[in-house]
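Below is a structure I'd like to ask you about.
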C-alpha cells in the first residue's frame, strides 16, 4: 500500500508540533506538507529546533496543501475549520479537526458557547465526533472527523463503564480537572509567563469552560438521559498532562457493589483497549505515567462513608488529548491497526 | 513587657524550620531553645543553611527546653506530643502542638484514624483546638492548644460563611485539595524524590486521609448537624501552598441568592479578619498570592446550571497551615495583637 | 524622625513590585506613591494580587510623584532614567536608578553597549554607583545613585577578596552565571513562556551580555589594572536567584596559599558584612538559601591540579540583585543602619 | 535474522528503566530478561507503572539471565560489573557496562578515584570504551564495552572538532556543566528531595567529580598531549538533560579563524553524524531540544575580546548520556545501522 499523504495545518501550534513529532515515526504515512498562516515561508525547524535535521520542511499556506494530501489535520482557531472542511470535501481529502468546530452536535450549543453559527450545517450532519474507544464504529468513511477536546477525553473515558453499568446517579456529576500548561497553547499570556505560572496553582473558568457542553453531550449519550456536570479546570505547573478527579454518587444498584466489583466492571469494560489501563486497587493514576504517550490510566476509589465513587483519569493532553487521538482516528478511518505509530512507551521521568 | 521565651521542639522538621524563620522576626519573643531528637547536639544552621549567621543555635534534647520556656511549639510524631504536654503543664509552660494529638475532641476518632488511645484524657478535655478566625474566643488561658491541620484550615475557612448563613446542603460536601510537597515533610520517600514528583500529579489517600475527621468535626460544629465530606488530596509539584476546591449544593435558601449576594455574605463575614481576603467576583484564588504569608484567599464561583457553589480557598500550608497559625494562636494566648510577627508580605513570584 | 517619603516609578515591573513588597515592612519609610506609565490609574493590587488589602494604592503618572517624595526608586527602560534624574535633582529628590543609565562611568561604554549617548553628562559625573560592600563610602549626599545589575553584584562580591589580596591572575576571568526567570522581567516573550522555559536550560548572549562592561569596570577598579572577563549567562528554570561560578587561575602568590588560607582571606574580608556569608569549607553556595533575602552566599573550591580557584556566589536577583540592594543604598544615603527593613530571613523552601 | 536476545541488569535504576523504555521499540531485539538484586521476584511494572501492560516482566536475579542472552546491559554499582563481565565472557555474552568499571584505561586512575583495584586486569585490556562518534572503529568484536559517563559524552563531543583541528590551547580547559536530577539516580538523598531541589541551584564536587579522569583521558587521546580540565558540575532542577559550557582559549592558529570558519569546522566534522546537530550561528544549544532522544546539540560562541571560544553542548543524560548510547554501541557491535531503535523525535515540550 502506498503511504498515506498527510498534511498538518496549524503546524506551529503546540498540537500541530506534536502531530509532526508523532507522524515522523508513523510507518504508514508521509508528511507531505506543513502549513501555518503566521509563519508561511519559514522553516518549521527554526520555530521548533527540536525538529532540526529531522523535519527539514518549509511552512506553506494552508490552502495549498489540501489538494496534495489524502488527509489533513487542522489545529486552527474555531470558525476556521469549517472553511477548511469545505475545501477538503471538494478535494476528497479527509479532515480531522482538532478544534471545536465539529464537536458539538447541536448548533445551539455551538452558538451559546462559541458565539457563532454553523455556516455549512450539512457538513456537520455528516461529520463524526470520535473518542475511538466510544465511537470507533461510527467513523466509517466520514470525510470530516471532529477530534475530541482534552478534558472531555479524560472525563468520558473515566466515566463510561460506570455510566453504562448504570451504577451511578447521572443527574449531577462533579469534575475537578487539572491541566499542564501546554493546554493553554503556544500564545503568550501573562498567566502562562514562567514566573507567574511556576510555583502557582489556581482554578480558572469554574463552571463556564467551553468543554462543558462537549462533556455533557458524550455523557448524556452514554447515559441515555440528561447528564449535568459541574466542571472546574485548574492550571497545573507542568508541561503536559491532565488529571481529572470525578466524583459520582452511587445509586441503589451501585451501593450494592463493593470496591472489587466496581473495579472488575472497569477492567472488563476496557479489557480489549490497548490504550486504557485500569490501575490495580490501591494505586493512583498519575499523569507522569502516560506522558508523551497515547495511554489513559484510570484509578477507582470508593468513599464508603459517603457512597461516593472517585474516579481519577489521566492522559497526556497533547497526545491522547489531541495529536495522538487524532492519529488514532486516522488509523481507524484508513483501516490501519489503531495503535499504528502510537506505540511510544511513556518514560518513567 | 519581657519577651516571651519560646522553644521549638522538632525544629529540624519543615514546620519547625518555618517556625524558627517566623519567630526570628517576631518582636515580642526570644527564641530560647531549639530541640530535635534526631539532631541533638548539632548546629541548626548546618541542617538549614538558610539560617546560617542568623540563628546560631545548637539543637538540644526536647525535655531540656521546657523548664526555661514560657511556651513551646511541638512538631513531632503523633503520640509524642501527649507526653510533652504532661511535662509542659507540670512546668507551667504553654504547649502549642502542631501535630494531631490535640485536634480531635472524640477519642474514638483518634483511635480509629491514628490507632492509639489517649493516655491522659484529662489533658484533652482542657486542651483547645483553634483556627483563630473560628475559635479565638475559646483560647483563654489554655495550657495546651491543638494547632489545626493544613487541609482543615483551608477548608474550614472556605466554608464557614456559607454554613453559618445556612445556604448550602451540608449533608455531603465534596472537597478536592492539592498540596505542595512540603506538606509531606522532610523525610525521604520515593514519592517525593525530585524526578518522581516533578512533572507529575496524582491523588493520594482518596477518601481516607487522616484530616477527614478533623474537617468533619469543625464543619459539624459550624452547621450544628452532622456534615460528611468526601475529601481527596493531591500532591502538587510546588514547594508550598494548598488549594482546596470545595463543591457544595445550594439549598432552597441558597438558590434564592445570586452570585453577588453570596459574595457579599463572604466579605461581610470576613470584613474584620486581617488574614482572610475574599477575591473580587471573577477572580480566582491562587496559591502564589499567599506564599510565605499567613493569608487565606478565597474565591467564589457559582455554577448556576447545577445550583452548585464552588469555593476555592488557598493558604501557604507551612504558614497559615502550620507555623504562622501557631504563632497567631500564641499571640492570642499571650494577649498580643493577633498579627504580631506575621506581617510578612507575600511575594509576587 | 519623620518617615522618609518614598516613591516607586515602574512599580508594575518585577523589580518595582519587589521594592513595594520590601518597603511595606521598612520601619522608617512611608510609600507615598507608586507610578507606572502603562498602568496609570489602575490599582496596583489588580496587577499584583499578592498585595491586595496590603497596598491599596492607585498607580499614577511618574512625573507626578517626584515633588512629594524624598527619594524615588526608578525601574524603567534605559534612557528614561536620565530624564527622571533631571527632574529629581530639580526637586531635591534623591533618585536610585535600578536601570543601566548610571552604572557605567565611561560614556563610550554606554554608547557601545546601549547605543545611546548621555544627554546630561554633568549628572553622570555627580552620580554614584554603589555595591554597598564595595562603595558605601562614596555614597555621601549623592542625589543620583546607580544601583548595580544583578549579575555584576554576584560576581563583584565573589571576586573582591581574591582581587584585593592579589592572589589571582586578573587578566582574564571566566564567569558562568545562571539566573532565574524573573531576571528577564515581566514582559512576555516566547523564551519565558512556561512550556518553553520549564524543563529547559541554555546559555544566552554568550560573551555579549550588557552587564559585561559593568563587571569589568568594577573588577578593574578593584584590581587597579585592566580586567577582562568572558561572561556567559544562562536561563535557569526557577523564579528567583543567580548562581555565578567564577574560574580564576592563582598567580604565584596565590599558589603558595592552601585552601584554608584562601578561605580565611574571605572570611576576614567579610567579617563585618551582615549580608555576605562565606560557606564553610566543603559546603556549596546554593541559591535556595538566599531566596527572598538580601544575603550573598559565597563558597570557595580549589582545583589544585589546575591551580584554579572556583568561586560560587549566589544572590536573590530581585533582592540583593535589585530591590534589596537599592534599599540598602537608600539606608546608607539617609544615614540609617544598613540592614533596616532588610532583616527578612530566607526560607528553607 | 533472529532477534538479539537482550538482558538488563539493574533494571530498576533509572538507566535500566530507560534502557527498557528504548528497547521495547527496538525492532531487532527481544527483551529476554530484566534483573535486579533489590527487587528480585517483583513485577517491573509495579516499580515503574509507566510500563504496566507494556512490559509484563518479573525481575530475576542477575546471574540467571546471562546464559540466555546474546547481550547484557549492566547498570550496577562500580566493582560489581567486573564480576558480571567474567560470567559474560564465560557464556559468550556481550556485556555493555553503564557503570565506571570499564571506562578508565589506567588502573591507577581507577584506584585513585574509585578506591579499588582491578581484579581481572586482562578483562580491561580487551574491553573497549566507546563514544560511538569517536571510537566506533574500535568496537569490533569486543565482548566487554565500557559505556561512557554522561558528562564526558557531552564534553568530548563538544570539544572533538576544535581539538582535532588544533585551534585551541589544550593545556587547561574550563568546563561548567549542569545536570538534571535523574543523573543522581533513583536512590533517595536529602539533596534530591523535591522541596530541597526545586527552586534551588548549586555546584557540587567542584574540581573533584569522578568523571574528571574519564574526560581527561578522552581529551588527551584526541589532543595527543596531556589535557587538564577544571570540571564543575551543578545540579539543575529539571528531570533530564545536561548542558556543558566549555571555555577554551584559541591558540595562534585559532586566533586566525573567524566565527564562521570555526562553525564550518564543526559542521564539517559532524556532517555524517546523525546524532550530532551543530546549531546555526547565533542559536544556543538548549537541553529541551534533545530530551528523550539520542541527539547531542552543539552551539559555538566566540568571545573575541578575550580570544575565547565558548562551546555549549547538550544531551539527554539518560539517553545519549546512558541508555541510548549503550544501544548505539550495541548496534555497532552487532552490525546494525547505528540509529536502529533510536529514531525517537525529541518533543518540543
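Letters A, B, C and D mark the chains as written, and numbering starts fresh at 1 in each.
FYI, a residue touches a chain if its C-beta (ideal position, glycine included) is under 8 Å from a C-beta of that chain, and two chains touch if they have at least 3 such contacts.
From a predicted model like this one, the values you see are computed outputs, not experimental measurements.
Engineer: Please give the intersection of the contact partners of chain A with those of chain D.
Structural biologist: Of all the chains present, those in contact with both chain A and chain D are B, C.
Engineer: Per the definition at the top, count C-beta pairs in contact and tell me whether A-B or B-C has more.
Structural biologist: A-B
Engineer: Could you tell me which chain lies farthest from chain A when each chain's centre is the average position of its Cα atoms?
Structural biologist: Relative to chain A, the chain whose C-alpha centre sits farthest away is C.
Engineer: Quick one: chain B and chain D, Cα centre-to-centre, how many Å?
Structural biologist: It comes to 46 Å between the two C-alpha centres.
Engineer: In whole angstrom, how far does the Cα centroid of chain A sit from the Cα centroid of chain B?
Structural biologist: Spacing between the chain centres: roughly 39 Å.
Engineer: Using mean CA coordinates as chain centres, what's the gap between chain B and chain C in Å?
Structural biologist: So the centroids are 36 Å from each other.
Engineer: For chain C, write out the residues touching at least two other chains, lowest number first.
Structural biologist: Counting only residues that touch two or more other chains, chain C contributes 14, 182, 195, 198-199, 237-240, 286, 288, 349.
Engineer: Chain A touches which residues of chain D in the complex?
Structural biologist: Going by the criterion above, the answer is residues 14, 17-18, 21, 24-25, 48-54, 182, 199, 239-240, 277, 279, 283, 286, 288-290, 292, 297, 318, 343-349.
Engineer: Can you list the chain B residues touching chain A in their complex?
Structural biologist: It is residues 172, 174, 176, 178, 195-196, 198-204, 206-208, 228-230, 232, 234, 236-241, 243, 245, 247, 249, 284-288, 291, 299, 301-306, 308, 310, 312, 314, 349 of chain B that touch chain A.
Engineer: Hey, which residues of chain A end up touching chain C in the complex?
Structural biologist: Where chain A meets chain C, its residues are 14, 180-182, 186, 188-190, 192-195, 197-199, 237-239.
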